[in-house]
């Protein structure tokens, strides 16, 4: 295993806490895990109010509280704008988006309480809401910024048009658009998001970089089968595992995206960050691109 | 029936004269109808040169002439840019778009003559024309503005790209993009038009807000069936009729669209404007959204 | 045959050297052909490094060398950014895009050598590359501009989003987007490219204006059959051949595109440029538009 540059790890990886509630850590063990992850160079932790049926932020906050000095060593991202049906919120009779002023403020303050912190480094609108009033979101952001409860803002899963809509109501730049991408998900190549973010000099954050595991398990789609075969072939060539090839494929993108790793197992994270040492050739990058397409490029 | 705020009616509704020739009013009765609609708060009348096989504007103009003082109480919108085959225009051998300087001037002057007025409050390009020369349209607009024949300009059924193209040749802002939307027509949510108009702080005008009646009659599409069931359920809950729910759904959009009502029956208009008093909850708005989609939101 | 305006020919046509290697000219004959084409008014010759398995530029350069004074009478366009598998480049193990600094510089210098010229009038990025780093392309362009090796820059087959991305890294305007269009290819009407280029006051260049011959030969597609029937009907009406109607259809576009003619036969080029004298009526333009669509316009 070659030397890992901590600064590059810090720059390129985020720990996703999406499934934190399934990691089955005691508060003490989660605290230890967070510290181990930080030692690897990852200091950015990605949350959303709704993760784990609204439970992950509280679990994380409890673990953080055990070592108060940790807070200043890390960055905390949260998201709001979705309401899920949950036994914790009997008033949520339906799965909806809510980007109203009141919901943004309420959800963010709840995130702060649950995370046991005074501020978020980054708050994202979780999904584009057909009812989103950009002026109203801006009011909520401005208030959260003024009180110091949130330092920076961004969006997730927005189109370029939606990004520009919200940006047009803000006096400060949105920091990111957290979008899905992987060797099996080209959507944000096609819809212009990667082009738009590179144009805006904005670093994308990428969720589901391994397509939620489908790069290994999906045998229904011919495109998945082709990509799997290519990953295995390239893994052999680079003398690594196929998942590292899939991560290196994203790391090579010119917009320099940050990749969200959603694992609760230290050895998996230790493994995943090896991908920064793989310099995938253009040939190999395009082999994966073409494997998914199922036809040659023009 | 609760109190109706006249100012809100004025702000949110337009009377569409698309089918005026089918209303079978005498000139006298149409004059009376116009006055009754104005008393309800609606002062904006939407025309196009082609409506009713090029007949509606003349019928409206004749009715207007009976009470000359009416003109200053109302706003008149017309549209040009389409040529229909018609016994009135034997030279139209084909259904085409024509956004040439000459056609815009000729059609607008004919609209003014037919409407028996000196000016239009708003002139829209009816459809995006693959042959549209934005510089040439701008010349026509500028001339019509200079002569006072048209006060303001806009477009209809344009994409954001087409809107920006024409805008880039004008020294004054386009006032609207008149687009189709309803619980059964999400097209302008998907193509970025609603986002774009909200970004530009431009009020959309919405045509076919009840999908041309299909929200009641279309039983072929599963999506229509699901939406109908939701409309009926919500109508019961809000103690109104389903069409009012469909209108309230549009009124809730953050871009604050104006809705075009195409009825020639006063009681129907009196009924429709009740929708401004329905404050559809987000839950109910999303129930209709999801009913049309046929799957849950992400 | 009516009088041909040389200036209009110069303005509207480009000679495409895509298939130059199949023309089977001796160097002497190619030199003669180039001079004959120039006499027709066409002074713009379109190349790419890869044309003819990397052979066309060299053949052209050899012909150019016979009459050195020709260079200043013509404009030379080349393109880079694609790597093809070729016996000439055994290191190309795969068909990929490469828009790296090094490849742009290397490919352009090779084009200059092969074309036996000191400079290109225009260099285009051949295809949008999912790995394109606009900052890196800008560095390459800036160097090529500074050394005088390339006077102007543009792109080919880019979306509006991709065009704006690259433009945002340059201090000088991109000169064109070379895109496909014909009576059988409406793609760039739909994706916003023609609107975008008209907005930017940029002249598109059009490749495959006769759909690579498919306007005559494709009998599989109903849309092609309908368009063929319309072309034949209109050709009879205008007393010309169907291909001229297809060219006149493009020449009528308001963005004033330049059309790339890919023929090595002088009589075909002499014939094609007659299209500038056909003023296709709007009716006839829309007949072809609707023939392809298969349904009336809205």
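Chains: A, B and C, in written order; residue numbering restarts at 1 for each.
As a convention for this text, a residue touches a chain if its C-beta (ideal position, glycine included) is under 8 Å from a C-beta of that chain, and two chains touch if they have at least 3 such contacts.
Values in this document were obtained by computation on a predicted structure and should not be read as measured data.
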Through what angle, to the nearest 5 degrees, does chain B rotate to match chain C on its C-alpha atoms?
-> 120
Over half shared or under half: which fits the residue numbers at the contact of copies chain A and chain C, same or different?
-> different
Rounded Å distance between chain A and chain C, as computed from the means of their C-alpha atoms | 42
Please compute the C-alpha centroid of chain B, do the same for chain C, then give the distance between them in whole Å.
-> 42
By residue number and range, which residues of chain A touch two or more other chains?
-> none
Touching residues (chain side chain C, partner chain B) in the complex = 160, 189, 192, 194-196, 198-199, 252-254, 282-283, 285-287, 289, 296-298
In the complex with chain A, residue positions of chain C that touch it | 93-98, 100, 127, 130-134, 136, 157, 159, 161-162, 164-165, 168
